[in-house]
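First, the structure itself, so that you have it in front of you.
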């Protein structure tokens, strides 16, 4: 590759360092009234196949990441997080009682539910908003989604074990007091972060509940 | 000119878009753990004669304008931090001697260093506090940062102007070490100005000082 | 490169070293001296400047000549009755000592020898000069913002973290079970506690007091009972009962020393009448 001439290099550096897009007149003024148009054309051709492009928009020139590489500027990284106990409870209540309002969820749980908890469940795609309840205040109701059934391996909500099944499985035994204390100490109502490894770090509180 | 391969384009776009210099590991992580080193080498060669350069400073890569174009790009108002003579000297002493304590800086300069001088250098991001020296009083040491290298156009501390010569001449050793190296025993001839000092500084203590 | 040093030039003598004559030059000598001293960062800096005026390699400077120049400089300042910073005077005193030591025959010199002191001074000057030159070269490099420029408007890289939520069937039904268990109506029962009420203590103590007029320790009034909780309660109640009886004038209380046994007896009838 032959070295670009001095004017081309100067235009390249000027546009690279500029904080604003520049018209060719701006560039020309900056470079002592040089005729920069051929240099701009040469640069545009040079960069056409590179990761960076020289583009002209509204008569102003600037460098920009090549459109096919735009995805590199905004990367998404998936982070696996385990649903917190609070969120799991809210999800279970919605599943067993839907359609259910937030006030009803709170009355069943016996504690206030932070808005973040419902957000998380909706973000996870397991809960959606249902019709408003026709009572004073017209509160929103919440429903589970088909993704919820799919994720939990249920054909329908009727597959959820009934209260008698829960009792038989020992799941209605009184909750360990220490565990309750852990759960309701205004910590992270929304989520317990397992880090990026995606492993379910089964914590002590988990084990205590089994 | 043949089109660069996709990885080269991706590295080029990533470094153009990044607001901060990136290590090759940063770039690799951003691009899904690709082996980016050959791409960096290719880009560096590609840009070597252009108006923009790909440089590595303190293990971080970034694009900057070519130094020979400085006269064209210098703005009306220089965006450069002006340093007092004291700050300039203190910075040089830290760079050439790091890790170095304040007392050592003062012993070289023969005057006290005002706290403001070190503040200015730390605020500029060129100097940071290092580990304490394990001597009585456990004084803090000072070190230069990667930003220092980037700002002054140094790939690493080895590129500090003349550092090898200074080290070889023993001029980075404390006076006490230099006296020992001279094997000075009061009253012998060594003290006469014979111009050989540069010679006898090259001894074991020299190596130990590094 | 001097432009970035806020007006302070690295080498104040440069370009005018031929004319340099300390205080003697300039129309206003006093000001000139002040300005000169402001230009140096302490005695070592001034010494380095003087040493460079010898126009030889710092390794070959004459320390004796240097000392004399410094002392001369300080003398002239003294002749003008100008205040000098203490460290300049300390250096002057030390250099005067060094000068006299250097002039002595070697065998009469103390330890450390004058040569050693002179060499140390020379080494210090070399080190300061080296750092001063290094600073100049450093500042002369390609500095970002002056010689080279980074991208003016980077688009920026961003990593958005998206959460994928995990929960399983068991955790779900277990959570529901726990909600149900936690919120199930609970019956609260208050356990009966073994206590002796004040009323019963009052009647017990007053009836026992009626039997005897002798001093009795308060523990003697307590019922025999194995339950320690009840004994504590009885002690407390009996003590309050004793106070109450004393207040009503039906009993006397006596305690000889702190934490000693507390004794009480029925008020003798005569006293009671008085």
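The first chain written gets the first letter, and so on, giving A, B and C; residue counts start at 1 in each chain.
Quick note on the criterion: contacts are C-beta pairs under 8 Å (C-beta built on N, C-alpha and C of every residue); 3 or more make two chains touch, one makes a residue touch a chain.
Every value quoted in this text rests on a predicted model; they were computed, and no experiment measured them.
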Next item on the list: Tell me which chains count as touching both subunit A and subunit C.
Entry: B
Checklist line | Interface ranked first by C-beta contact pairs | finding: B-C
Notebook entry, point to check: Rounded to the nearest whole Å, what is the centre-to-centre distance of subunit A and subunit C, using the mean of the C-alpha atoms as each centre?
Noted result: 43
Item checked: Intercentroid distance (Cα basis), subunit B paired with subunit A, Å -> 41
Next item on the list: Take the average of all CA coordinates in subunit B, do the same for subunit C, and state the distance between these two points in whole angstrom.
Entry: 32
Item checked: Residue list for subunit A, restricted to those that touch at least two other chains -> 13, 16-17, 63, 65, 72-73, 75
Item checked: Shared-contact residues (touching 2 or more other chains) in subunit C -> 149-151, 155-157, 159
Checklist line | Contacting residues of subunit B [partner subunit A, same complex] | finding: 1, 3-4, 8-14, 16-17, 30-31, 46, 49-52, 63, 65-66, 69, 72-73
Checklist line | subunit A residues within the subunit C interface of the complex | finding: 13, 16-20, 62-65, 72-83, 85, 87-89, 91-93, 95-96, 108-110, 120, 123-124, 126, 151-154, 160-161, 163, 166, 169, 171-175, 180, 191, 194, 198, 200, 209-210
Notebook entry, point to check: For subunit C, which residues count as touching subunit A in their complex?
Noted result: 149-153, 155-169, 171-184
Margin query: Per the contact definition, I'd like the list of subunit C residues that touch subunit B in the complex.
Written below: 4-6, 8, 10, 41-45, 57, 59-62, 87, 106, 109, 111-113, 115-116, 118-120, 122-124, 126-128, 130-135, 137-139, 141-151, 154-157, 159
